[in-house]
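Structure first, commentary second.
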Amino acid sequence: MSALLDVQDLHAYYGKSHILHGVNFHINAGEIVSLLGRNGVGRSTTIKAIMGDVPPVGVVRFAGRDIAGMKPHQIARLGLGYVPENRDVFPSLTVRQNLLLGQKSARQAGRWSMQDMFRIFPRLEERADTPAGVMSGGEQQMLTICRTLMGDPDLVMIDEPTEGLAPMMVELVGNLLAEIASRGVAILLVEQKLTIALKISHRLYVMGHGRIVFEGSVADFNANASVRQEWLEV
Amino acid sequence: MLELVTFSTLNGVLYGMLLFMMASGLTLIFSMMGVLNFAHASFYMIGAYFGFEISRHIGFWPGFIIAPLLVGVVGALIERYGLRRVHRYGHVAELLFTFGLAFVIEELVSMIWGKAPVDYRPPPSLDFVAFSLFGTTYPAYRIFMLATAVAMFVFLILVLRRTRVGLIIQAALTHPDMVAMLGHNVPRVFMMVFGVGAGLAGLAGVIAGPALVTQPSMAALLGPILFVVIVVGGLGSLGGAFVASLLIGLIQTFAVAINVSLADVIGPTAAGIFGELGRAPLAQIAPVLPYLLLVLVLILRPTGLFGTRES
Amino acid sequence: MTGMRYLLCFAAVAVALLIAPVVFPSSVAITTMSLMGVMIIFALSYNMLLGQTGLLSFGHAVYYGLAGFCAAHAMNIIAAGKLPVPLPVIPLVGAAAGLFFGVIFGAVSTRRAGTVFAMISLGLGELVAAFALVLHTFFGGEDGISTNRTKLLAFFGYKFGPQIQVYYLIAFWCFVCIVLMYALTRTPFGRMCNAVRDNPERVEFIGYSTQRVRFQAFVLSAMFAGVAGALAAINFELMNLQSIGAAASGQVLLMSFVGGAGHFAGPVIGAIFVTFLQVSLSDITKAWMLYFGLMFIFIVMYAPGGMAGWLALHWPLLRNGRIVRLLPAYALAAVPMLGLALGGVMLIELAHHMLVQAASDGPQLSIFGIPMNGASPWPWLAALVLFAGGAFGVRAAWPRVADAWGRALAAPGTTKVNS
Amino acid sequence: MNPAIALRDVRKSFGPTEIIRGLNLTVNRGERHAVIGPNGAGKSTMFHLISGRLQASSGVIELKGEDITGLRPYEINRRGLSRSFQITNIFPKLSVYENLRCAVLWSLGYRYAFWRFVDRLKDANERAEEVLEMIGLTARRDTPAGVLAYADQRALEIGVTIAGGADVIMLDEPTAGMSHAETEQAVALIRKVSEGRTLIMVEHDMGVVFGLADRISVLVYGQIIASDTPQAIRANPAVREAYLGEEAPA
């Protein structure tokens, strides 16, 4: 069986800076995969390159199609969802309008409806008609994930969803990720912390200096203390 | 006095609404693409000329519909094959491109239709007196202009607030990249907004042409005022553009109507202090007022009345 | 460049200015060259803003025009009062006036940069133009203010009646201004102008106030524009509202950009070229303003460095002789380009003639000396074929040019130019 | 003696979100101080506040005992603080040499002079040459800065920062985006240029941090949670928690 997302020898540059030095990894349909690593090792750049936000050099195949060189909106339309790290909610629009914009067209019927979102996060329903800009960081994080889900992706790539969140919120995010996976949607989770990643991931990748430096299951990772020390800890 | 106030208010609001029909497109384009479109008033002029040309052959009403659409298409094509190309050289190049475009459009128009004003008239169906007040008559065509402008305004608000496309536009104003990554074709939205903005300006031209003078310098006369409107209102603020349009519309019409000089108001000393300026009637100084307002606003409130960003 | 090379360069400029009237002695040529001299100063002063400091102004003619009016009034006062002031110092009056208005308006406009600065400059330009319509005493209304340069104190016996004497007066000031403005670029202030243009943000982190740099650049630039304005007043013996308005501001922008804002010599080339076109093209075709605009758009889209930028791109190749490798590709591309241009010109001329002149002069016209009938479809067809064929040919030939460039640059011993 | 830099209860909000929440930090004179912390903790914001690019919502910032809160960047720079940027921030069309010369002009007192030639300013030229050699770009002296290779641009970024001779220098991720070999060179350069000065840097590469810093502060969620020697920081359970999200072992 071929992977849902297959990345081979991916390079990427920010201006003149060579950030990715040949990244290889893959994600199968319905799988939860975490991409770990310290700040600045190229995790965010990896997803941005896949999304076409940073020009990718190398092979990026999604659902059997070569997507390197496509425009971000074309890639999104193929079923690849992206939740950015800086939680780009549309601040002047209401929560409901933000969610509506997640849909790619007005008539789209997918795995997720607005009601689903409100059921999972009652808080969003309470604030449905308030501008998204006035919500707390955690609520905005929920909103961005839900907004992406409204587009009915087959794979969501989520960049540091727990960054700066209170422990209770972190747990909520964890639950949401589990719910996403339960509907057969694959997840690529980019994280620095291990809290959620170790709990829910099927497989892990660790990045260092623009390359993948470790690949394996959670058990493999736990068994290999040197990886943790060299590439993640202070 | 009451007569003067009534008619000046009517005309001022009318002029203000016309300004807003252009300023709204200009503001949207600026907010989205960061481009101050120098050629925006040129679209207004093309609208008037297209309207004139069509009305000559098949009548005013077809022109009223077709001309703005044509201008919109021209605008969209210019965005797609001109502006988008220049984008990579930065904002200065974009500004210069639209500057050159305004120049070329003026030359083309005077080449095709001549330098003298053309005879673009209101349709006979609207060529009557709407009402008369205190012995002065008010033409029905002006009422029609006002109605069109208000209808346009309502339409714009509805599209922006109530439709999906409006939502996408609002979101793309601040976060174009994120909007694209949700699967919306942002470049196409830009092109559309540019086209619709141009079309709105064209519509303003179609309806203003018969009331004012349709001539090749009409763009150059109006363009700078338009910039005053959007800077005074606050760059990127649609509400600000609306208020500033009305403000400038009213100031201009009242200034023209009131035939008083500074010397009449504060006595002959004014002439001593302000010299010629003190003696000149307000009507003569009227063209200066918008720019004076612009400079004042920039000194006292650099973000404009409702703006949030400085540049 | 070493000191010796500057001296040589300036000496060459001086010699060129001196002998130009000998080489082109016709009265038309001398009138044109006088105007070019004025425009060179004006365009260079504009480029202190656009090219050196990165400020796009749409109202630079304000300083040129106001200084011109001041100079005209000064000349009239001097003549009326028989004051012992000779004509050659009048440009200093212009400089002072430019400086004065530069300080006043600069204080308002240089608080901001970028698009907002551009808008303020446009607004100030319109403001002054609108005031000029009201203030008849100073601006003279539609007629403007006329003056008589010969009524001033004779300068070593010269009364500056003949145009050739005026030419040398302008040439002298032109030379002085070129040297001064070039010298300015070599000072700490000049370097900081460039730094502000390149990266205003970082400038604040190496100890400089960007606003102060912009203000100083603005004031000095207005001063030089003032010199140009005073020379214009001397040259025409008349200042009117056109010299202060948006059209004049647009023209100086056009000159600087077409010539190339990125190089010191760019505006000089632009001023000479555009003035020459204005004088010569306006005789040949009535649609010259249109060509002008199209040329400008072409340069914005395809050669944002202007003519000087294009030359500078070829300079290293010319020096090491590799330019010959480009010639075949250039020759190949030149043919369709010529076709494209010819076709375009024919279309415009045909359209212009049929729309504007045919009613009175009939459908007969001549383009490049070739007579044709605008009412017949054949010239139109020919023009279309030339235009479309040319466009197609340019597209086809372009990869060859790019390829030749790549190879000429990649050849060893050439300084690599990355983009 | 007053510390080089002191921040007292500094806060900064963007709209409703508070990014810096009562930050306290002391950097002693002559030390090399690294600031680390997870993404979004507010490290760059803190740099912007100290250097004057952003204005603090409340709190006090002192430079060598002098209150610099609310001053413009150039005023702070003139008081002896100079900073670099995370994203290279040089003068792209000017040559490498001109970049450095521009950076030394103010400190040598040339201000906005338009009556003297830069080429004749002996001290400015000597200083620029000196820095040029120090950052190892002598061979690229006349190249426009915009076409330099990335690592060279980063070196120039540091050069422009130190050229003015400020005694407090702040480097924002000086090795970001560099390869291994380039990072090593950068570390050597930083060591050299920070000799005898106070250095504050934000850095993600732990090798660089532990190799250079005398003291380390950990910034999490807008607050400094620890400020100590490298060994102490490595052993600090709160730091572990912040980085890995694991409960600290009891």
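Note that the chains take the letters A, B, C and D in the order they are written out, and that residue 1 is the start of every chain.
As a convention for this text, contacts are C-beta pairs under 8 Å (C-beta built on N, C-alpha and C of every residue); 3 or more make two chains touch, one makes a residue touch a chain.
All values derive from a computational prediction rather than experimental measurement.
Taking the mean of C-alpha positions as each chain's centre, the chain lying farthest from the centre of chain A is C. Chain C has its Cα centroid 54 Å from the Cα centroid of chain A.
One inter-chain figure worth recording: chain C and chain D are separated by 44 Å, centre to centre, where each centre is the mean of the chain's CA atoms.
For the pair chain A and chain D, the distance between C-alpha centroids works out to 32 Å.
The touch graph of these protein chains is a ring, one cycle where each chain has exactly two neighbours.
Listed by chain label, the pairs that touch are A-B, A-D, B-C, C-D. The part of chain A that touches chain D in the complex is made up of residues 14-19, 21, 38-41, 85-86, 91, 133-134, 137, 160, 162-164, 170, 192-196, 209, 232-234. Residues 51, 53, 71-73, 76-77, 82, 84, 88, 90-93, 97, 100-102, 104, 106, 147-148, 151 of chain A are the ones touching chain B in the complex. Within the complex formed with chain D, the residues of chain C that make contact are 183-184, 186-192, 194-195, 197-199, 201-209, 212-213, 216, 220, 262, 417-418. The touching residues of chain C, when paired with chain B in their complex, are 54, 56, 58, 108, 111-116, 118-120, 122-124, 126-127, 130-131, 133-138, 246, 250, 253, 257, 287, 289-290, 292-294, 296-297, 300-301, 304, 351-352, 355-356. Every residue of chain D that touches chain A in the complex is listed here, in rising order: 15-17, 36, 38-41, 87-88, 148-150, 153, 173, 176-180, 204-206, 221, 233-234, 239-240, 243-246.
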